[in-house]
Amino acid sequence: MTHSVNLYSDNVSGVSPEIMAALAEANRGQAQPYGADDFSQKARQALSELFEHEVWVFPVSTGTAANALATSVLTPPYGAIYASQTAHIDVAECGATELFTGGAKIVLIASERGRIEADALESTIAKAGKGIPSRVQPAGLSLTQATERGTLYSLDQLRRLIDIGKRSALKIHMDGARFANAVAALKVKPADLTWRLGVDVLSFGLTKNGAMGVDAIVCFRQDMAEEMRYRQRRAGQVYSKMRYAAAQIVAYVKDGLWLSNAERANAMGRRLGEGLARVPGVKLDEPVEINQVFLSMEEPIIADMEKAGIGLGRRGDGHVRLVAAWSSTEAEIDTAIAAARAAATKGKAAA
Amino acid sequence: MTHSVNLYSDNVSGVSPEIMAALAEANRGQAQPYGADDFSQKARQALSELFEHEVWVFPVSTGTAANALATSVLTPPYGAIYASQTAHIDVAECGATELFTGGAKIVLIASERGRIEADALESTIAKAGKGIPSRVQPAGLSLTQATERGTLYSLDQLRRLIDIGKRSALKIHMDGARFANAVAALKVKPADLTWRLGVDVLSFGLTKNGAMGVDAIVCFRQDMAEEMRYRQRRAGQVYSKMRYAAAQIVAYVKDGLWLSNAERANAMGRRLGEGLARVPGVKLDEPVEINQVFLSMEEPIIADMEKAGIGLGRRGDGHVRLVAAWSSTEAEIDTAIAAARAAATKGKAAA
Amino acid sequence: MTHSVNLYSDNVSGVSPEIMAALAEANRGQAQPYGADDFSQKARQALSELFEHEVWVFPVSTGTAANALATSVLTPPYGAIYASQTAHIDVAECGATELFTGGAKIVLIASERGRIEADALESTIAKAGKGIPSRVQPAGLSLTQATERGTLYSLDQLRRLIDIGKRSALKIHMDGARFANAVAALKVKPADLTWRLGVDVLSFGLTKNGAMGVDAIVCFRQDMAEEMRYRQRRAGQVYSKMRYAAAQIVAYVKDGLWLSNAERANAMGRRLGEGLARVPGVKLDEPVEINQVFLSMEEPIIADMEKAGIGLGRRGDGHVRLVAAWSSTEAEIDTAIAAARAAATKGKAAA
Amino acid sequence: MTHSVNLYSDNVSGVSPEIMAALAEANRGQAQPYGADDFSQKARQALSELFEHEVWVFPVSTGTAANALATSVLTPPYGAIYASQTAHIDVAECGATELFTGGAKIVLIASERGRIEADALESTIAKAGKGIPSRVQPAGLSLTQATERGTLYSLDQLRRLIDIGKRSALKIHMDGARFANAVAALKVKPADLTWRLGVDVLSFGLTKNGAMGVDAIVCFRQDMAEEMRYRQRRAGQVYSKMRYAAAQIVAYVKDGLWLSNAERANAMGRRLGEGLARVPGVKLDEPVEINQVFLSMEEPIIADMEKAGIGLGRRGDGHVRLVAAWSSTEAEIDTAIAAARAAATKGKAAA
């Protein structure tokens, strides 16, 4: 399938030139395997600086691996991890969290536009039966920022949820598959979104935002990091030629590439959302806060866009998702909008 | 740590220029994620041709992931997988097979120079208690070719082991982390080493032999492949930008790159083994059949080689492993040999 | 804590005299262990007759073990098991299903008075993403009859749910912790509630209804039974002196003890529910269809009943559960009702 | 299959009259479920006195459950548990330890007559790769006392093994399926065999030695006990009518029943071993130190004994096991010996 413009997901995009250059650079000479190389040291140093905190970095090949390994250090097998009703760890990872935690339970909390509702979290924990052996025990909280619905938690919203969690001794995971998009949109520091709020471990996404195949688990606590060393290996997630993963990380944060890529993607997402929202027969399902656009469209419009070679993600019942990427251009975005508009106009003429 | 010549492992080597070029080529434009791209189709096609058999290909980020996922389709959780006493799946993967199989048991079979002894396999299976509920049930056989001791099974040896396994309905896995080296050394066809003997699933190693970060699970049976689709995703092992993994596979087998790389590594391993074996105070622990060289060395020789910047792998009690790679040069090999010889001479002079 | 009348649960009751006698009888002489005894044969025969179908019987020590082992033969680790929002397997077994299935996911379906809603089941399965690797795969349906809310599915309701499941190739489990109470209340044959509807495996509860410590997994399919042999042993659930478990099963179904016990418990439950419903300040949360009574009570009434030595189960926010057992007497039931009435009257007088 | 004398195992024996009486006694009235009953308190008190140490007691239905749950609090999923080559947890529990630990690895240590060799343990741990992520991490040591070969560790032998383990921070489990037989034979105090040596958790066997269906996990450490509460429930191992399990424990240790039963079994085992050893064509494979007798016998003798109705356990290649029980009588033992002697005489006559 070839698309004229592919907005199916941000992972249809390629690799940033800066990262391709870093891979070429890393390919000089030889290096010790499994992270005992200079690039891995530099990656850790770069992320420690970025987060203004000592961090332990575990590069893995996918966001699913990052999430599932991160949750595996939150909970015993008989524990509960609280997550939103749209959490990627629940609906889109084929049970990876259950595998890596040894069968912990993801407990879904009422959520709205992708955000966990604080009251619901509080009352669920209150009724969880802490200390009662027949009940899985409250252990972890997993928050996705930006959310799977393309929305953002404010700092205050995050703080409230994390505080509720911490009061019950939950450990906190942030699924940051689109962390860069969140930081860019909120104009905050990475530290403000993570450890300053109480986040213990972050899935720091790179691949969707310009890398080739690496996401990083970032641990803010040494005890979790110590355990992660073994779990990562046991999961088959320690690249032997780790330097190439590390080099991607270094290049990703160097000179703010990660943020400029995310800003571009967000801007293109906004342009896309605004343009489509003005097309008759199209309406936004969620406000566009990062690079993801969730819409309802009349079926003929969807079908016509597809025929026009616009890659989009059908979500059933007339819902679609379109996602701008770091590499999206205004021309591409406008082509997609024009295709929608043409379809809508044609439909009207026919009616 | 910088080495003048690094023979610590073949995974200290870089990426073949042909594969770097393929990555650059793959970076044009956009592509559907998770394997729905053209490169993934081509990779499957290329491996089907290479193996003269329809195959199902699952690219993963490490050899450990390939092995552990492959074993997970051999056995129920209450099953046994037979492996050699030096099997990588038992001693060097932090229990990945136990994780991905849900707690199956690796049962070690007496082995010699890395090769499972057929009689020992036969008698272990005979006493395994098939059908008796208190016993884990015979389920899989995992053979490493070339072995972890740098040796090779002959076709006849493999045939006998696999026939024993098949008589007890075992499913057969081949750990081919250095499959290319084995094919190059034995001068056989890939099909002859695999499905023609009864191998059901192969860990087809690429990374050590010139790729950046991909090994491929190659399934010769559709039923296992169907199950693997879910297990791979659940393991966090499906690259979202799969095209880059697939492009490495395509380039790896194109024009015989995989074989020429392996031939070079094998030749350099042979040169290294022959050269070192002639140094006083050094003796081969195993015959050199591929690119791995296992030796016993007097401690001062080891220490002097390390001081001279020769990267090597200490295995305790005076045992060391040196491994040539696809990128090793005669000059590098000769430098390593000269360093050993100098150390030995110095030692003699001192004595 | 001593109670004058204990209605906390039906498992506070003792063991039926017939079953005590059977244990004494089984204690003559010696017997082969692990089920190779005559009582185990008789138990299988008795249940095959009872169910009018060849069955495979696996006696275990708890209802949790029965449920979790039963679910473990419904699903691969990457599967989904559909259950009601009040399912015991989800909320009261500390994740046993997750342990024994290797991390399958229990997906909760909207339910009403403990019964899964057919439309919700149908639409959840329709959106489950069958064949899509990122999604856990539809595998099993677990139905509790009688439900955890003390209600019953009609045969038609069960048939509809099971038919929906079968259309998607789900395997069907029935949690029959109170199966006897359901059969007694519905006045149907055991076969009509199980395999004739398509149930594949049943947790056949005995302990609450007069046994000492045995529930039985009843498999209606040989393939599941074959796998269960190993899973049961691996779970540490094969009694070495199995004859005592089997003897309980034989005595339980002999001369209809199981049904007469359940009828008594149901009758006493009805009497309790009717009596309490007439007390001011008390109202039924659910219709009383078996031996369980779910109520809302004003706090002073609950407290006074407790002071009067009536064992009851607090469920939070003024909700309580009282359960009659096979051994409950009219006098006990009336004492409990009188205690409630006295508390209510006192409260009124005080007001 | 009916036997005139059944020495197949000690679990073919019945239940001690004292324990039957205790069950009848426990059957009066009602009791809170899941261990919140008086008998459970008494059981904990009785075992705390017996062991001269505060203990936490978890009654389970089988020895396999006791062992596998005990090992599950010794190790993370990426850990190693060291055990003898004949360990029940490795060869006779269908992988229960792998299930309950989430896939930890049982590493077998060279052993002799069922006893782990201290030097082999020490060197295995030394080479285990502590701190190296590719290796499963040293975590637990499981010792069976009396061993699976019917032999005993001396206190000094145990002390040495446990000291080796403790130096590497291993947690210590004792599989005491025949703990009573060991205590009776060694004439030591229970405390001397357990926590005084450093044992952290004990599988305290009752069933083989006169109980109906309960073994007890005895924890000497509160941290393990806290975790065990959830793991036991999750394993489906918390009897709802726990009073009957607890009552068996109380009766078992009351007035030294456990020891007098074990002494009888040991004496009968000795008598059996001595008698059979004098039969031509029969020889002891192991010294008889408790109630288990391991022998080699000529096949016609085995066959004749079986024809004579003597229950015995074939172990292949002419090896058999016979086990005396608490209920064995001198007459039974002598019948078995006479049957062997008659078979041997007949064979000689025929020759």
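A few points about this structure:
Read from first to last, the chains carry the letters A, B, C and D; within each, the first residue is number 1.
Following the convention adopted for this analysis, a contact is a pair of C-beta atoms (placed from the backbone, for glycine too) under 8 Å apart; a residue touches a chain by one contact, two chains touch by 3 or more.
Predicted model only: the values in this text are computed from it and were never measured.
For the pairs B-C and A-B, the larger set of C-beta contacts lies at A-B.
Taking each chain's centre as the mean of its C-alpha atoms, the one that lies farthest from the centre of chain C is B. Per-chain Cα centroids separate chain A from chain C by 42 Å.
In terms of their C-alpha centroids, the spacing between chain A and chain B amounts to 33 Å.
Centre to centre, using the average C-alpha position, chain B and chain C are separated by 51 Å.
Listed for chain B are residues 77-78, 93-95, 99, 102-103, 133-134, 230, 233-234, 238, each touching two or more other chains.
Chain contact summary for the complex, chain B toward chain C: residues 34, 76-78, 102-103, 133-134, 137, 227, 229-234, 238.
If you check the complex, the residues on chain A that touch chain B are 1, 3, 6, 8-9, 11-15, 20, 23-24, 27-33, 36, 60-69, 93-96, 99-100, 207-208, 212-213, 230, 233-241, 244-245, 311, 327. Remark: chain C residues 77-78, 91-95, 98-99, 101-106, 127, 133-136, 316 touch chain A in the complex.
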